[in-house]
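Read the structure below first, then the notes.
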Amino acid sequence: MARVIFDEERCKGCELCTTVCPKGIVVMARDRMNSKGYHPATVIEMDKCIGCAFCARICPDVAIEVEK
Amino acid sequence: MARVIFDEERCKGCELCTTVCPKGIVVMARDRMNSKGYHPATVIEMDKCIGCAFCARICPDVAIEVEK
Amino acid sequence: MTKVFTRPKSLTDKPFHYCPGCTHGIVHRLVAEAIDELDIRERTIGVAPVGCAVFAYEYFNCDMQEAAHGRAPAVATGIKRVLPDRVVFTYQGDGDLAAIGTAEIVHAATRGENITVIFINNAIYGMTGGQMAPTTLIGQVTTTTPYGRDPGKAGYPIRMSEMLATLEGVAYIERVSIHDIKHINQAKRAIKKAFETQLAGKGFSMVEVLSTCPTNWGMTPVEALKWLERNMIPCYPLGVKKEVK
Amino acid sequence: MTKVFTRPKSLTDKPFHYCPGCTHGIVHRLVAEAIDELDIRERTIGVAPVGCAVFAYEYFNCDMQEAAHGRAPAVATGIKRVLPDRVVFTYQGDGDLAAIGTAEIVHAATRGENITVIFINNAIYGMTGGQMAPTTLIGQVTTTTPYGRDPGKAGYPIRMSEMLATLEGVAYIERVSIHDIKHINQAKRAIKKAFETQLAGKGFSMVEVLSTCPTNWGMTPVEALKWLERNMIPCYPLGVKKEVK
Amino acid sequence: MTHQIIIAGFGGQGIMLMGQLLAYAGMLEGKNVSWLPSYGPEMRGGTANCNVIISDEPVASPIVTEATAVMAMNRPSLDKFEGAVMRGGLLLINSSLIDKKASREDIEVCYIPANEIADQLGNSRVANMVVLGSFLAKTGAVSPASVIESLKKVLGPSKEHLIPLNEEALKRGAERVRECVNR
Amino acid sequence: MTHQIIIAGFGGQGIMLMGQLLAYAGMLEGKNVSWLPSYGPEMRGGTANCNVIISDEPVASPIVTEATAVMAMNRPSLDKFEGAVMRGGLLLINSSLIDKKASREDIEVCYIPANEIADQLGNSRVANMVVLGSFLAKTGAVSPASVIESLKKVLGPSKEHLIPLNEEALKRGAERVRECVNR
Amino acid sequence: MSKVLMKGNEAIAEAAIQAGCRYFFGYPITPQNEIPAYMAKRLPEVGGCFIQAESEVSAINMVYGAAGAGARVMTSSSSPGISLKQEGLSYIAGAELPCVVVNMVRGGPGLGGIQPAQSDYFQATKGGGHGDYHLVVLAPSTIQEAVDLVMEGFDIADQYRNPVMILGDGMLGQMMEPVEFRPLSSKRELPPKTWATTGYTGDRPRNIINSLYIDPQVLEEHVKKIYQKYEEIKKNEVKVECYNCEDAEIIVAAYGTTARIVKSVIQKAKQEGINVGLIRPITLWPFPTSTFEEWAQREHIKAFMAVEMSMGQMVEDVRLSVNGKKPVFFYGRTGGMVPEPNAILAEIKKVIGGVLR
Amino acid sequence: MSKVLMKGNEAIAEAAIQAGCRYFFGYPITPQNEIPAYMAKRLPEVGGCFIQAESEVSAINMVYGAAGAGARVMTSSSSPGISLKQEGLSYIAGAELPCVVVNMVRGGPGLGGIQPAQSDYFQATKGGGHGDYHLVVLAPSTIQEAVDLVMEGFDIADQYRNPVMILGDGMLGQMMEPVEFRPLSSKRELPPKTWATTGYTGDRPRNIINSLYIDPQVLEEHVKKIYQKYEEIKKNEVKVECYNCEDAEIIVAAYGTTARIVKSVIQKAKQEGINVGLIRPITLWPFPTSTFEEWAQREHIKAFMAVEMSMGQMVEDVRLSVNGKKPVFFYGRTGGMVPEPNAILAEIKKVIGGVLR
């Protein structure tokens, strides 16, 4: 069981995290914007997360925390 | 037949030329001084000179000419 | 559940000002992680450059000095000589380190100055809007090489790591990249080793990190990582350039 | 009888101001001979350094510019870009080229600037009275290393030729010595080849000449040549460091 | 007559271009003009604004502190520049992105749903031209034709095809502003 | 009383040391002193000269333009500084190296064959001390004892053995100058 | 010639090219980056050469080399970069070489900021480098004037063999105005560059570019010769604009973009019945001393006030010129803050209230 | 304490060590080479550190680093080298760091010569670097004064967190005089260096040494805060010597070694029945303006004359201070030429003849 937490205010929508998730569950939340005007990244099927933290490791804005 | 010509006014008495002559004929003229106060180099037995120009080649003050 | 990944303590809470996807942020975090893991934050003093990382003093949660453009190694030298038991590092871009600061980095290296240098090679001047850096690739278009870098006029990309590795004072130099997770992990190990080199008193250590500038390269962040991998790595081979055991 | 050795035309008549036995004079003559032999005096422009050779503009019988300390490669770049069909050379000491002028020489080299650099390494600052140069040997006593150069404090001797040879813009670099006739002849060949490299438009060329400073080494000129051979050559190996055919 | 204009919004909204087109058009019409951007150290988005002056007199200071017109393309711009409109001046608000109302009573305020109109035109990037159209209709500072001529110069021949779209955007902006009620 | 002294000669003749010893001795005797070398860019011999002031008053300018005494150790120095001696002042000439006579009539001139005397003492390097001895004898600017004490400080313990030779040189210079006739 | 709308920085670059400048050596720094970018694009088109140097120090020394070889050459930078060029500038002045140097001033000291400032006035006019020398310092107020002054600047540099500095600021560099590239109104007879190091072929004496004079007497003569030139420059080249001074009670001294703001203030003041004049030095060195002297003697002028984007630098030259004849006040903003017309007006009223009435 | 006979350069170095300076970063240049040489020898003996930097640019930035880390630190150079330090000096002033910088001035511009000069006055006092800032500039006239001022200079630097420059010349550096290393007469309460970057252990806020303020409003506030400090310095630290002014008809303004020569001239003049006074600024910045103002009001003073080893630099500050109340003349030599007493006297007589009688 693992969980990723996005600090959506820090996210700049760069999409890097979406390219490294081995489970392909990180996507951009096209439906919302943070106060800087970016669509934040998010995870759709959290239960598939293996807590590998790849997404967090590539995030340039340290917007992701991972729990396991 | 060869000849070396010293421009004694240019000579600074560094003695480098005396160390390279294969014939050992270059010596310092202890008996005279140029206007800068240096004992100039000179050749004692010019007839032994083979015109190799070693003396000239090492002279830092281009004070030596060689004829052959 | 326990946190398996969280913000390192050696970063302040302040959000980075970098452009979306700019890998300066990744390297900041790696440096902070290394400092955390070695538990040296309280005795670390960082030197920020002039470049996009100019505000690094707002992010690294340790005492910091902001250096003049290119002079970080000299500033670090001043600090280190006064406080030899502190850990001193610089964080510099390629304009900063490889152009205006060439003399300072060469001489810090040849002096064997016991400091650690994090060198961000993004093949461009980011902060000033995308001019050619000494590390700009041949043919690369920048605002000051509008027709592509022509080595006949603007010279060749400079490989600082290889050049500095010829110097006796250097204890450790490695070139790394951050274009994927594997390389990010390798970069992290290199950065940590550089600090360890300093802690062991071995002399000058530097990690050159190939990095992206999506904004001035005119690419998306994802494209930029790919461009880095395809174009920069062939010109700047990764690996340890020197290591004194 | 014909002259088999005479003053080169590319030297003016002015006697050198150098100390007795200072090998700056030998190198001046070799440079002038090379220019004579290549018959390029009328289109050669020289750049004098700040150092004992500061008055080089009085000796080389061609147009000359006197550069600020360390900046000769930048000055030469300015000249060469304006007059690409002229032959441009700099004549620089080790304080000038390897300390204050580090950035300028590195970047002239990496730009592949089509100039020729004559680099006089005498392991000391001659003109200012014998301070440590970046090339000063370990243990060597100078006015600023009164206890002998300690690499732990003052760093290691820098091998500029090896360092610059890593750069892509470099076409030819050789290190030579002038401590005896054989090596003087070799030095002459190297200097000539450097100018030929420029004439062929191949890019940056440099000859590093190991040289003496009897005055500040505190030796007679003859002792100084021996000291050079015994102490400098082991630290600064002679030979071609890079050559682009 | 001197038009002292402030245009403000997000980076990427085409703020600088709006100003440049105005200045360019003014120049084409033989007026004295100036364009002054606010510039920052950052390549990184954020807000952008510029000052434009179009005048029959030579332009003294290029800085606009008391604007005859302000075009606010996003919320922070409105907050920042509402106060800069001179008494009796004009405030154009991009109501697509700004849900707030203006608070001043001594100026003329028009709300233009610029992004919506642009979207209707099939390209949300011409929202700036919509507001510019409104501005021109309200002030007559320069003619829409001059603006289009300027745009042609700026875009160059390769982007000639974008002209009709922009023309349309100007027109829609102008139409819309005619309907608009003061506050 | 203010002694304004110029000492001049070749580099290597110990010119600077002569001046420093005088200044040092003056200081030991509680006088105000200054020593000013002329310095050049060159490590390379040539001429050397220095100015020394020994005075009961604080030293204003350390530059000597009108000397109470000049010691000329070689020919160029004589040429250069003869004119700097003030009317009634003293000119000491090292006649071993200077074959020329002084041309001024309004000053006192002494010829000291300093190198010869030094050679007699077995060390030509103390020619400077010979002339210094003459100067002291003539002017009483400071005592020979103070000069020797200064020399001890300057040489350091390792060269203590050279003191008697220098003492002797000072003495011979003093003796010689007593014999010397004004021109 | 028709007008074009251009950014100040680009217009300055184009003006240099039109003036025959074919060599540019620079290093990026905000807010002047458009100059090197423009040069990088344009110079190859006209057969010239652009180099991005490794630093400002190198750039100015490349300029020294190129100028010595006889070229028309330019460099540009902003405050910290100009500080790094000081040794080189002193060399160029000492060696009597012509060149044009642009400083788009930003707020200082240190890294400071990047907004417009005028706090490098002292550095520009008093010699930021070592030794006795001066730059000719031209301070345009509009882009058109910048263009004209750059073009004339090259001529001045060549005529007197002295570096010329264009002192602008970020505002001038970043703003756009219509501008016309027109031939200079005054044609100068420029001396041929017989001194340039182009190769010693024997048809002239050997040329040496140098600033070393080891004999102090010779160095003094050299410096005095340069200062004679400066007297010529002072006589021939002073440029100044007097605006609305005839009926003024108070004269404001301001240059560059600040002077534009002051003009707005003058219009405002008029509406309130206050008559304010402006003396706008266009050459900061040589300073229009006599203009100030003359107005200081007029009775209707009760005071002077320098307005600058600095903590008070040009005001010293105003004081030196007015020489105690009238009081001289100062109002300044610094660090990138641009003085607001209302604040200036308030300051003027304060002076008028306190001193004049 | 007893006196020792020392060269000025060495005495300055020793004074620094006695003042607690333990770090020196320098680069060789004539005529100050004895300072680094002395430091290289002495600093290791007292547990300090000497580095010969690769350039003056590096040296001043090492100083910046060491000062930021809380050390007492010094660098020294001469004119061309000081020009290269201008960016760094501006940074140090902007970051409010204390340090001492020695400039043993030589003739300029450019490579110039190596004989004594005072032609870096403008650079030192008006800010050779960019932006609004000042160095505190101390101009010793004797070696004893040099020693005292170096020691006090470190205190001043620490008290106000501002760089202090010792402005000497080759003559002062090369000559020998007896000198005493004595404790400072005035003990200052120096603030602890709580701002130094010594490691963030949590017992104080994180320390950042910086001069970047990207928001112009913040930068302006920062600069204004520094200028408030400058007002304090102007109030507390002005040093000046007035010599023989009471009965003088003319006052000469001169500093450093030139002032010594003028003192000789005053003695000479007295013998000829001419009464000449001397105002000798010891702090060049802050300039002793009020001293000049006061004497300018005295009736018996008919004129001022600045004597400098330059083409006329300090004379501007004299004029600014005298502010038109009395005529101000200038006599100078430059390029390494030292003014001769007789020439100065002749000049004084000319002024007296032409203006006063």
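Letters A, B, C, D, E, F, G and H name the chains as they come in the text, with residue numbers starting at 1 for each one.
As a working rule, a contact is a pair of C-beta atoms (placed from the backbone, for glycine too) under 8 Å apart; a residue touches a chain by one contact, two chains touch by 3 or more.
On a predicted model such as this, the values are computed, not experimentally measured, just so you know.
**Student:** Quick one: which chains contact chain B and chain E both?
**Tutor:** Per touch definition, common to chain B and chain E: zero chains.
**Student:** Using the stated contact rule, I'd like to know whether E-G or A-C comes out ahead in C-beta pair count.
**Tutor:** Between the two chain pairs, A-C has more contacting C-beta pairs.
**Student:** Would you kindly say which chain has the C-alpha centre located farthest from the C-alpha centre of chain C?
**Tutor:** The chain lying farthest from chain C is F.
**Student:** Taking each chain's centre as the mean of its C-alpha atoms, give the chain farthest from chain G.
**Tutor:** If we average the C-alpha coordinates per chain, B ends up farthest from chain G.
**Student:** Rounded to the nearest whole Å, what is the centre-to-centre distance of chain B and chain D, using the mean of the C-alpha atoms as each centre?
**Tutor:** Chain B and chain D have C-alpha centres separated by 26 Å.
**Student:** Would you kindly tell me how far, in whole Å, the mean C-alpha position of chain F lies from that of chain E?
**Tutor:** Measuring from centre to centre gives 87 Å for this pair.
**Student:** Distance from the CA centroid of chain D to that of chain E, rounded to the nearest Å?
**Tutor:** 63
**Student:** Distance-wise, how many Å sit between the C-alpha centres of chain D and chain G, to the nearest whole number?
**Tutor:** Averaging C-alpha atoms per chain gives centres 40 Å apart.
**Student:** Would you mind listing the residues of chain E that make contact with two or more other chains?
**Tutor:** 40-41, 45
**Student:** Of all the residues in chain G, which ones touch at least 2 other chains?
**Tutor:** 30, 49, 51, 54-55, 57, 80, 87, 91, 95, 110-111, 114, 210-212, 214, in rising order.
**Student:** Would you pick out the residues of chain C that each touch at least 2 other chains?
**Tutor:** 18-19, 54, 66, 68, 99-100, 102-103, 106-107, 111, 127, 129, 134, 154
**Student:** In the complex, go through chain D and note every residue touching chain G.
**Tutor:** It is residues 41-45, 47, 54-55, 57, 61-68, 71, 74-79, 81-83, 86, 103-104, 106-107, 111 of chain D that touch chain G.
**Student:** How about chain H: which of its residues touch chain F in the complex?
**Tutor:** Interface residues on the chain H side: 3, 5, 30-31, 114, 170-171, 174-178, 257, 260-261, 263-264, 267, 338, 340-342.
**Student:** Which residues, counting only chain D, touch chain H once they are in their complex?
**Tutor:** 50, 54, 66, 68-70, 95, 99-100, 102, 125, 127-129, 131-132, 134, 143-147, 153-154
**Student:** Using the touch definition from the top, list the residues of chain A that touch chain C in their complex.
**Tutor:** 1-3, 9-10, 12-16, 19-20, 38, 51, 53-54, 56-62, 64-68
**Student:** Quick check: in the complex, which residue numbers of chain G touch chain C?
**Tutor:** 27-30, 33, 36-37, 40-41, 44, 49-52, 54-56, 80, 110-111
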